[in-house]
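Each of the two complexes below includes chain A, the first together with chain B, the second together with chain C.
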Partner chain A sequence: MADQQYFKSSVQISRPFLTSKAVKFLQKKTIPDYQTYKQRISHVLSFLLSLTRLLKFPSRTLESAMLYYQRYYLFNHFSTSSNIDVAIAALFIASKNEDTIKKLRDIIAIANPLRNAPNTNEAIEENKKVILNFEKKMLETISFDFRTYHIDELLIRIAKDLKLSVDLTYLAYMIAFDSFQTEVSLKTPQHATAIACIIIAAKFREENSVFPLNSAKYKCDRALVNEALFEILELYINNYNYGSLADMYPNDKESFIKIRINIKNEINLKDLDERSLLNDGFYNIKNYNVSDTGSARYMLGNQEKRFYEEVDAQENYKESTEPKKVKLH
Partner chain B sequence: MSDIAANYTKEKKVGEGTYAVVYLGKQVKTKKLIAVKEIKTGMFKDGLDMSAIREVKYLLELRHENIISLLDVYSSENGNLNLVLEFLPCDLEVLIKDKNIVFQQADVKSWMLMILRGVHHCHRNYILHRDLKPNNLLISPTGEIKIADFGLARSLGSPGENLTANVVTIWYRAPELLFGSRHYTSSVDVWSVGIIFAELMLRTPYLPGTSDAEQLEVTFRALGTPTEKNWPNVSKLPWYNSLKIYPPPTRNELKNRFIAASGSALDLMISLTQLDPAKRCSCEEALQTVYFTEFPRPTKPKDLPKKSS
Partner chain C sequence: MDPFEARLQFSRMLSTVQPVTQSLMKCVSFALRNHEYQDDFHSCIIEVLNTVDLNVRLNIMNFIDSLVTQSKKSFAKNPSLNKDLPYINKIEKDLPTFASKIVPANKYGLYNLKVSAEILKSISLQLGFDEQKIEELQRQFNSDLLSENLKGKIEKNVSENLSKSDHLDTEFFKPTDSEVIGEGIERAWEILIDRKRFSQLSSLTSYFIDKSEMVLHASEKKDKVNNNEENNREKDSTQMSLELSREQILARMESDRERHKKAKESLWLVERASSGKVDRAEFERLWDQYAPITDEDIEELSELNEIAIRSYNF
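Up next, the complex of A and B:
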């Protein structure tokens, strides 16, 4: 009996950040056409931005929503027929978590005209069911991990500490906004991203007094900053028009290519090899059947040690309940 | 009887809150009693309740002997979220109301010490509880106070961020909240602790208003009406208007109200219940007052009064 239940339950450990390779590995399974996915993400960001403005949500709610949206598609199949519903579910969860809650009905009623969907009572009720269903799946995907940190809050504090001009801080802030459509939030913690935004802004404006920038002062590993730098520069180099800098500086794409070439040499990114990914259950596509028929347990990454201790204890427990063989001589 | 995985059993229902049903159970391996809080969800609830989100978010990160432990988070067969908590069979409100029990000054000191330590731990992690009251202060079988119910908690806002003033049960609600302030700090919890301190000494609620308007009246009758003189800029708060002006109580009046309180106990209560939040002490300052070092020593938790029946 006990054994049966043991097999039925699954454990979900929340790992807030993944390596680039792990992200690619997961997306290969869930996203059939990556180019479409990228186009959609840019569209989702502008859709959620409009929605956020109409609902008067702060930018931190938008930031969390973009994170949940991307995290969802690491473990669930991507399809263009439902990705806007998933985006609304992400914004809804973010609004709860960021203390800016609105009724789901009201969010849908404002979203429908933006997506050219009918806005009748029945349509809203129908859509509500769909979105609540996505909410449930998304909560499981994020392992009920509601810890949030925000790039812009950290960015402004670090900018103040570095005594950056208002102008430069604003540019860094715009870059931070553009970063919401990159995968940086899946990979590096927010203080590393904030520092990367400042570095890109300062290099772009050639404000060299900012350098050398000691990221260790902000308890931030240089390698993480580099990771974030690459991720964000990739957006400007490959999809300049998706970013908001394109409006302000339509002809400056080249500068970003130069910035990347200049920092490329310093960098040596470490990554996991594929074999360790294949052997780790964390990287499996989400199977809701486990939590439908059995039960699923959610732990934060910092409890991982405790989990393995429990597993060890369980093994020892099994051993100790085996009948002991008595030696006869 | 149903089981959440092999680790815990869920036995009888012991209570029902606004957004959850609470069951008694056991940790299978240790036979330790636990409480399982099953969160109600569904269409009419607009998905997962925000209180549940807050409870999971803050309790998973806070670990302190005076804060309830969230042992595990599960989703069960029916898809509901289950929070596995340590089992805490009693709360401070039950003891305050139990007239068969006599509170010694050392007992009150012991409870205050544990409450302040727990709240201090929240505050040093930039978390505001926002609903401190005797029935959210649970008591373990060994007498320890455990702060529970983080359904209204939030992290300290950044400057300029608007917070809702509609928090804290009104009897324990700080004056800045009664005036509708949208920018407040951990001092709202400190106020609640001060009012709980008074209640522990009086054995009856100190400021039992019956409505928001009456709460202002009751609060200021007891502690004086704030004015620009003792609280600069108070008149700019949204709901500050046409107040009846009561003088602040003299020390003698307070002494007569709290007959058994020592001089330093009174000093502490006065610092905890300063009308101007900027003048109110922090938990850290409160913990360092002479009240906690002078005699009598705080009672050991295991020797504290227990439920009589």
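Up next, the complex of A and C:
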């Protein structure tokens, strides 16, 4: 007797920010060699930066693209053979979401010479297919969540509220730019990252009049700011030369270590334990079978109640239709 | 390609041009590739403008805009041409002629008025016309052009049952009376501003549209006597019916949508220095752009905080 065919369906709620442990947990499954992945990130950043410059995108488009790129590899296997295509797909989605629209064909035609790929009509057509395929997957990995906040906008507006000088804000802006190559955007919301950038800039220039900086005034949990602080400082401590501050302050790596030591005892985000990660279907490698052959639904976090109702309904349905297993002798 | 063939082909392209990048670029690159015929093509533009409907006239204005842009772009590298870029000088000189054909002095012409002013602004910027001057002209274009005195007179005129109005009409249209085309960017703006005044007058009383048309035509005829060369061309455009059919109105809605999209294409462009990672100039633009965060926006941030907290411990 043929197996009864089920109509596959899934419903997923958007979860744009994850704890460090959750990120590690996911990357362990998708990224075979983390070192290579990390090196590629800075390569991708400089590649997308050149593209951004040639296409004249504002930096917010670059910011979103870096976020989509990194998020993609939380739920999909990383491979060095296709990661540039994924990066282009990320920039393409970002260009649409940021309303700085460019045709995919135009993006590819500028990108191909940069990566030494053939740029004939046929090659572009081929690339287009590949990238559109990645685009579809990427849209699912970001759960069609197009809410955007931008670090640079929040940073400048908060800095002006704090009456910071232009120069100090510019330093914070540079730090925010460097944060694109860290995983901070996967972990903390943009206002926490913006405040963290301001704190690092002020500590670095020893402008102590900024402190105490009450993050609660900007509706931001201190733990989130600290999480962002740790993440960004880690970049300066471990890979100082990858950052853009190294050009301006070549010998100041030590100051960042000092800043890090001084905030050692601050609380950061409480991590989830391993068991809850293992039990949560969200932390699985993305399976596109459901959306290809069945139906996949995506919801924003504020539809929590409806989400639970649907999940319950689905499970009840499953139970009632599951064929009774009959033991055979 | 011989001149005749080129002319024919160019005319055909122009009369079917659409305000989308692909179609515009096809025309532009044809014109630039064959720039040895630029004088021919220039008169072609004027000829075609006389024979096509209002929609296409506006599309041709888009074409002129693209042509100026591309001519500057592709020939700017060639220093020997620097002062003599193809098409540019003649277009600049004849902009008023184009303007008066694209926005003819009658009620139908007003359909094209608003969009023409936007395109003219872009062309003026491309031609390197003083930016402050452009803004001033644009402000003037957008302002209320009728004096209180004039409005009063019109009201009085209408209430007097229009009996003696003919005499007054000519007086109202005195500015438009100088329908001598003239040369240069500023004159093109003046023509559009005149049309704008006409449209404001027309909306005051519908009666005026028909009356004033008569007056306008009378004044144009006067010019034609002075300006023999213009004679034939003007006749073409006045004889043609410019009323738009239902299909043409729908097509117009579509192409206005395309134009709007095209205008948005370049609004966000950020020019950066080619070296370094972070661009100070871009930062400073953002610095000028953003105001300090407001209490309302801070409230919104609590939502963002909430999204994050919920997202971790779902």
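The criterion applied here is as follows: the second predicted complex is superposed on the first by the 300 of 329 C-alpha atoms of A that agree within 3 Å, B and C clash if a C-alpha of one lies under 4 Å from a C-alpha of the other, contacts with A are read in each partner's own complex, and residues count from 1 in each chain.
Just so it is clear, a contact is a pair of C-beta atoms (placed from the backbone, for glycine too) under 8 Å apart; a residue touches a chain by one contact, two chains touch by 3 or more.
Just so it is clear, the structure is predicted and the values come from calculations on it, not from any experiment.
The superposition on chain A brings chain B into a clash with chain C.
For chain A, the partner with contacts to more residues, out of chain B and chain C, is C.
Once chain A of one complex is fitted onto chain A of the other, the partner contacts of A:114 are absent, as it touches neither chain B nor chain C. By the touch criterion defined above, A:149 reaches chain C but does not reach chain B. In the superposed pair of complexes, A:217 makes contact with chain C only, with no contact to chain B. Of the two partner chains placed around the shared chain by superposition, chain C is the only one that A:170 touches, whereas chain B remains out of contact.
Of the two partner chains placed by the overlay, only chain C lies in contact with A:18; chain B stays clear of it. Within the superposed three-chain model, A:263 lies out of touch with both chain B and chain C [touch as defined at top]. Judged by the touch definition given at the top, the superposed model places A:132 against chain B, while chain C stays out of reach.
Of the two partner chains placed by the overlay, only chain C lies in contact with A:59; chain B stays clear of it. Contacts of A:123 after superposition: neither chain B nor chain C is touched.
Taking chain A as the common frame, chain C overlaps chain B at a single listed stretch, which among 112-120, 166-174, 238-246 or 292-300 is 112-120.
Common to the chain B and chain C interfaces on chain A are residues 58, 99, 101, 147, 153.
Every residue of chain A that touches chain C in the complex is listed here, in rising order: 13-19, 22, 49, 53, 56-59, 98-101, 147, 149, 152-154, 156-158, 160-161, 166, 169-170, 173-174, 177, 188-192, 217-221, 224, 244, 247, 269, 272, 280, 282, 301-302, 304. Within the complex formed with chain A, the chain B residues making contact are 3-7, 28-29, 41, 43, 46-48, 50, 53, 56-57, 60-61, 72-77, 79, 81, 154, 158, 161, 163. Residue ranges on chain A touching chain B, taken from their complex, read 2, 5-6, 8-9, 58, 92-93, 96-97, 99, 101, 103-104, 128-129, 132, 135-136, 139-140, 144, 146-147, 153, 291-300, 313, 317.
Residues of chain C touching chain A in their complex: 264-265, 268-272, 274, 276-280, 282-284, 286-287, 290-293, 297-299, 301-302, 304-305, 307-314.
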